[in-house]
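Note that the chains are named A, B, C, D, E, F, G and H in the order they appear, and that numbering of residues resets to 1 at the start of each chain.
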Amino acid sequence: MKKFEDLGFSKVDLDRETRTGYPEVIYGEGKTAEQIRQIMKTLIETHGKVMVTRLSEEKAEILTEAYPDARYHAVSRILLYGSPREKYGGDVMVLCAGTSDLPVAEEAAVTADWMGCKVNRLYDVGVAGIDRLLAYREEIKKASVLIVVAGMEGALPSVVGGMVQRPVIAVPTSVGYGAHLQGLTPLLAMLTSCASGMSVVNIDNGFGAAYQAALILKLATEGVHHETALS
Amino acid sequence: MKKFEDLGFSKVDLDRETRTGYPEVIYGEGKTAEQIRQIMKTLIETHGKVMVTRLSEEKAEILTEAYPDARYHAVSRILLYGSPREKYGGDVMVLCAGTSDLPVAEEAAVTADWMGCKVNRLYDVGVAGIDRLLAYREEIKKASVLIVVAGMEGALPSVVGGMVQRPVIAVPTSVGYGAHLQGLTPLLAMLTSCASGMSVVNIDNGFGAAYQAALILKLATEGVHHETALS
Amino acid sequence: MKKFEDLGFSKVDLDRETRTGYPEVIYGEGKTAEQIRQIMKTLIETHGKVMVTRLSEEKAEILTEAYPDARYHAVSRILLYGSPREKYGGDVMVLCAGTSDLPVAEEAAVTADWMGCKVNRLYDVGVAGIDRLLAYREEIKKASVLIVVAGMEGALPSVVGGMVQRPVIAVPTSVGYGAHLQGLTPLLAMLTSCASGMSVVNIDNGFGAAYQAALILKLATEGVHHETALS
Amino acid sequence: MKKFEDLGFSKVDLDRETRTGYPEVIYGEGKTAEQIRQIMKTLIETHGKVMVTRLSEEKAEILTEAYPDARYHAVSRILLYGSPREKYGGDVMVLCAGTSDLPVAEEAAVTADWMGCKVNRLYDVGVAGIDRLLAYREEIKKASVLIVVAGMEGALPSVVGGMVQRPVIAVPTSVGYGAHLQGLTPLLAMLTSCASGMSVVNIDNGFGAAYQAALILKLATEGVHHETALS
Amino acid sequence: MKKFEDLGFSKVDLDRETRTGYPEVIYGEGKTAEQIRQIMKTLIETHGKVMVTRLSEEKAEILTEAYPDARYHAVSRILLYGSPREKYGGDVMVLCAGTSDLPVAEEAAVTADWMGCKVNRLYDVGVAGIDRLLAYREEIKKASVLIVVAGMEGALPSVVGGMVQRPVIAVPTSVGYGAHLQGLTPLLAMLTSCASGMSVVNIDNGFGAAYQAALILKLATEGVHHETALS
Amino acid sequence: MKKFEDLGFSKVDLDRETRTGYPEVIYGEGKTAEQIRQIMKTLIETHGKVMVTRLSEEKAEILTEAYPDARYHAVSRILLYGSPREKYGGDVMVLCAGTSDLPVAEEAAVTADWMGCKVNRLYDVGVAGIDRLLAYREEIKKASVLIVVAGMEGALPSVVGGMVQRPVIAVPTSVGYGAHLQGLTPLLAMLTSCASGMSVVNIDNGFGAAYQAALILKLATEGVHHETALS
Amino acid sequence: MKKFEDLGFSKVDLDRETRTGYPEVIYGEGKTAEQIRQIMKTLIETHGKVMVTRLSEEKAEILTEAYPDARYHAVSRILLYGSPREKYGGDVMVLCAGTSDLPVAEEAAVTADWMGCKVNRLYDVGVAGIDRLLAYREEIKKASVLIVVAGMEGALPSVVGGMVQRPVIAVPTSVGYGAHLQGLTPLLAMLTSCASGMSVVNIDNGFGAAYQAALILKLATEGVHHETALS
Amino acid sequence: MKKFEDLGFSKVDLDRETRTGYPEVIYGEGKTAEQIRQIMKTLIETHGKVMVTRLSEEKAEILTEAYPDARYHAVSRILLYGSPREKYGGDVMVLCAGTSDLPVAEEAAVTADWMGCKVNRLYDVGVAGIDRLLAYREEIKKASVLIVVAGMEGALPSVVGGMVQRPVIAVPTSVGYGAHLQGLTPLLAMLTSCASGMSVVNIDNGFGAAYQAALILKLATEGVHHETALS
């Protein structure tokens, strides 16, 4: 089987599912609807499924006409076609600090769901009203992987990280103004968190956080085994 | 009475106590011991008291020889001579997130104390172990003014700010590395906090926070009264 | 009584008034009119009053149809419904450097007023014509708390800070161009001010400054009392 | 059992192992040898083991005199006392791009090992000689979790991320000059990586990457199970 | 012959072809269609050919009416009139990492072609699917000069640089979001590349890369000869 | 006469006095004492005078041994040999905000004096004690050119600029900490000043400010005359 | 006579002409046409003349209806009413590097002219075609004051500064892209120029440069005289 | 033959000469003398020659004891052993703006020489004394490739780039202060240069510029030939 399809403007990576566990995902921004349609066609023919992220409503309309079975989620701006085979054990909890972080949180939740994870949502539990968060402490502790989405000063992941023994993936959002620097401030803050066991993805990158969460559940579901050491 | 004393290299502001409630405070960094001695002399003659901040141990030794009644606090690097007349009601609580924030927290505590405030200290209560903070919730709620010192991601003031009905002054510290940017990250984070009623001072500026806290207690102690409106 | 109402997209913090002295304030940006309406409904049912900041004229029209008793202030972009019970002693003076800083200054003034403070306005007194400021020196000295709003190089708070014995809260604005960096320059300048007793809030955050000013007057009005020390 | 021990300058978090799976780890920088010794004492009494990171050789000498059973690793600057009970299945592969990244890579490797992970090292496989990396492709694909350490432009994690179906944790290092900005450049580059399934920790934070890797193996070893959904 | 033509708003550099090998190229942004038309007129009269870059479709329409022989390339936004005399030996390979980098890659390709170079295109070979790149390794090694265009983390030039013995010119693009900082991140990353023999041009500056590539082929075509040393 | 002397490591610009009114000034940092000595020799032979700035005490000792007639000013770190012929009318007033700004202010004062200007000093008149500045209002208004040196938030030039009808040259200093960013903050603040008629030089560049001030007095002393217009 | 007129939203500075030599200039951005009209009215009544900068065409239309004698310059976006009494000796040369810098250059030229200076324009003489600049060397040397406007890398002022014995005021422009950072790059570059006698104003601030140039010619025209020294 | 030698701490790339035309060059900073010695040993055994850059005098002494035939250049901090076989036609001209740029210029010159290029040096020809540069215009035009080194505002490459028809590689240096930002300012300025045909390397990276220059002469010496196009 050939490893990629050359469409001229794009070399569609047909080998990616074999290599990384998931077919190529189409990043919708900066591509025309026609370019996306052609890449979708190639991916559907090979894998029977495809996901498009950061897709505007305008392009989504064109593409759902071409693929009536595709589903568009307006809040997360994701287009889905088909479903992955696998369903993992455990679950991903997606937390967000405020109502305005919803689009990013939903990008994470919809992605994780489509990638085969059970998803629990816990929204609007920012640290300025810490009792809202503490009210869910038991549920939070039971989650297998936690995606914590926050704009403003990005303090939520630090508090959550100190409560759990599971990996926390922090997602800064571009929600804020002034000294918030379009999300750079919570990004940097999360990177210097005093909590351990936490890592960070790009600003507004709900997709990336969910992708890693799914890989963690995939590993946990498939089980771990011993390798021969290199050194 | 003349409003300032011209020492050539310095015009000592003798009117400041009348104007702002406190005599001039000497910022020790970037001045020679001899320059500080001369300014101290002028201020002691006028006010009978003086405070020097950011003073190295070397200069402190020279100055305490000249003024044996002066007290040097090594952790906060402050030199004190004499005491202010007034003692305010209420109290200032100084919180800090980690052990490494101590020098800044102590700069705040020693300053507030010398300015006439009762000071309570609550140290090493960072958000990654939120229960340490919650264990003191009642004490925190009773404080009149709160100074919250934090390095790393600077999340502590947001959590404290959401617990109290009193003004919170946040102090970012230069404790951290990498994405912490010598304190710029917690500074910016505190400025975009989701908690209300909070304001921020410069990195490591424990002195500035305490100064404002003292002005707040001074106002509260003197009581408020109605003015004729301008507009 | 339950501590928050879960609307799905939002967990409205019903306990905040008890905890922090004021009900939750709705930040209007990044929320739909419908989301705001639902949060308003919950808050009005609990507290009988609500404030919405950063509200566009379009959304304000929709909401004032739903709540005809609500008042919209176009310059400050604030929507008010009901009034707080308390009226504090003392007053807040809001100063601004230039005509273009008016929206931020008004956000501060309207907020402080609604929170129960007497407000005096002193506008367009930037330092390039220092005599305008000096002409009001006596009024300035009498204010209980001062909110000083400035764009450009943000020099006004330093000058005011050196004139008074009351707390000064500085608000940088996004008014300027080039090296002004959308307000970062006056923000950083205010943080490194040579005046003592001054703290700073986020760029254009008139609301935040007024909120803290109100907490200060609240403390002063309620009076201060002695606590048992922790340490 | 009490949840923390108050040493005055520090509130040692005795509950952390219960809460997060590991006892508190001591960050050695900015603490005196004496402060570290006291915290070590408390932690050893409670947990029988302790890890200190970023510890200078000078302080290490003092502490190994106090605790002769403690082991100091000079390259990673870590001091270890005792060992965790658990040993996880699977393994962590630590890759680094160049010889100068060794201290950070070793901080990751030593931490992961102490936390109960089997560790494989693959060093000096930077992308400018891609064949060195490709020569180990099969070993790389078999790793359970990958920690990829790189300075300069930080390109290695992107290449590795595209080869595997396991989570990749990227660690930028401060190795470089000029436009490298003390590690900010590879940090930002890793955050905008074109590879999926990758997350990032702070500059030089080998410890943080290993900590998360250990939590992932812990989850995978304990197995995943289904929760009741919140929403 | 006069060295420049003074149009008042512009001094058209008529001597540039003699001096630098190519006539002045018109940068279309920030000039009116009328200004461009006048400069074109002057350049066509002198050189019989002209190139305009960064030209919007609107202005292109006006100018192709005035000059029906001019050709507009919509993707690269370049307008061409006439052709250079020379055709160089060797070739320029233009590589790009992703589909969204096409406009910049095409700006490079169209420029190099018009300047007399044979151009090979190799698009969408980003490092997250390294096998796509490796599949063309032999072609890549045969290129005389390589222009490598990449957005996101900008890792592609480092990998290519390690494969070839020919000069590599790296072009960062503004394709990305968040920590990508409008292209600053790949720009800085490329400047700190671990590969040797690589230099960098401004963000999105496909034109500049192609211009230098053409000068290199020009030198190689004309052959090199020995000068008398200065020192 | 030849226009420059080639010393191999340096091409000493012998024509500069003719062209710009002053002989080349030697920037002492980053040059060895021996390199400076050779350049001094060349300049003294041609012009009979020379100035060296940013000269450490160590190098100054070596050079004053070689040139016993040279005078070294320790505060400003300037070495002078000989004097310019001309003495201009008018005067330069050098103001500074704080005692720590003295080295920069003195660099300006010593330079202006050596270049033929009458210099008045007005030091430690920062805006937090505005009355110190106002006490000298009449003297300030009479100055021909004003150099205003300030660290911290850099507010002094704005206030001075609004008082006078003469050119103001602002000099930010690196005196400050935290948000002061080694002088970047006052630099940017001065550039966005609300006062007109003000321009800015690099951080700590007292020399540059004095140089321009001297050119202004030179012009004023020589008188102005009408040219034929170009356009 | 009163020193300012209080319009509520503005305190018009009527004393400014006396103090600084020129009446207040209205910065048009961020003010409504109606606000500008009221300030114009006050200034015209007092001074008989007024200048408005950064004025959009829309507002200009409204204001020229109200004041038919006012003249609007579309390129520089300046509105003028009346003329200053004085005409200074000497002249200001305004140079710019490229055609796209014209609006800023014209802002400088129109301002200087209105303030009473003779203005010479020398446009599109950027350093990449150095012979265009050298062709005017004699004219350049004869100018009394030079305003040098440049975008891109901002190199022109350094070259001009090395040619003349008159003050050079450098103006960076926002013309450029990518690493140009909206003008920050030429701003910083001009501040670190290797030429002496040069100072810098804010990005695109043609007005500010012209204002200082006019003050210099005013001083030169009025002549300089000796003051009594302060120190 | 094996492609790399695994020394544990380093995988020495033995294939690099075949692949890229030159053996691996050792970057001396951040490696111990012993590590360098081992890598040198491996490279000398394979290639008979080696170059070490950024080598301190201390390490150089140790290494020249081990390899008495190695030559150390103190200004450029380069250690050389053996010589490349090839000598290319054409030449590289290395220009620098000031005396303080010498170490970087020499790093470029020594590297280019060792790589087989004829090197001409033209030092201290900064743009503030443009006649020094113009005096060498004919020599500059004859160079095959130009490396232009400049600190401060980095204007020299733009002027040179406009004079020649050969590729220009610009090298910013860390020579400067304040707004120079350790070389970031000239780096960014060079990237936005108005001259065409110019590319840029990292701050102080004389080595990198020379490496690319050598590749260009290598191509020109070997001659160019036609490939079959990919697209």
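Rule of thumb we're sticking to: a contact is a pair of C-beta atoms (placed from the backbone, for glycine too) under 8 Å apart; a residue touches a chain by one contact, two chains touch by 3 or more.
Labels paired with UniProt names: A, B, C, D, E, F, G, H = Nickel pincer cofactor biosynthesis protein LarB.
What you are looking at is a predicted structure, and each value in this text was computed from that prediction instead of being measured.
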Chains contacting each of chain E and chain F, listed by label: G, H
Neighbouring chains shared between chain C and chain G, ordered by label: F
Angle of the C-alpha superposing rotation, chain B to chain E, to the nearest 5 degrees: 180
Length of the line joining the C-alpha centres of chain C and chain D, rounded to whole Å: 44
Rounded Å distance between chain A and chain G, as computed from the means of their C-alpha atoms: 52
For chain A paired with chain D, centre-to-centre distance based on mean C-alpha positions, whole Å: 24
Touching two or more other chains - residues of chain C: 8, 16, 19, 129, 161-163, 177-180, 187, 191-192, 196, 202, 231
Touching pairs among all chains present in the structure: A-B, A-C, A-D, A-E, B-C, B-D, B-F, C-F, C-G, D-E, D-H, E-G, E-H, F-G, F-H, G-H
Complex interface listing, chain B residues touching chain F: 3-4, 8-11, 13, 15-16, 19, 27, 29-31, 35, 172, 174, 182-184, 187, 202-205
Chain D-touching residues of chain A, taken from the complex the two chains share: 16, 19-22, 25, 88-91, 93, 118-122, 136, 139, 142-145, 161-169, 187, 191-192, 196-202, 207-209, 211-212, 215-221, 223-227, 229-231
Complex contact set, residues of chain A against chain B: 97-98, 126-130, 134, 152-155, 158-159, 161-163, 176-181, 185-196
Residues of chain E that touch chain A when the two form their complex: 99-100, 102, 123-125, 129, 131-132, 135, 175, 177-180
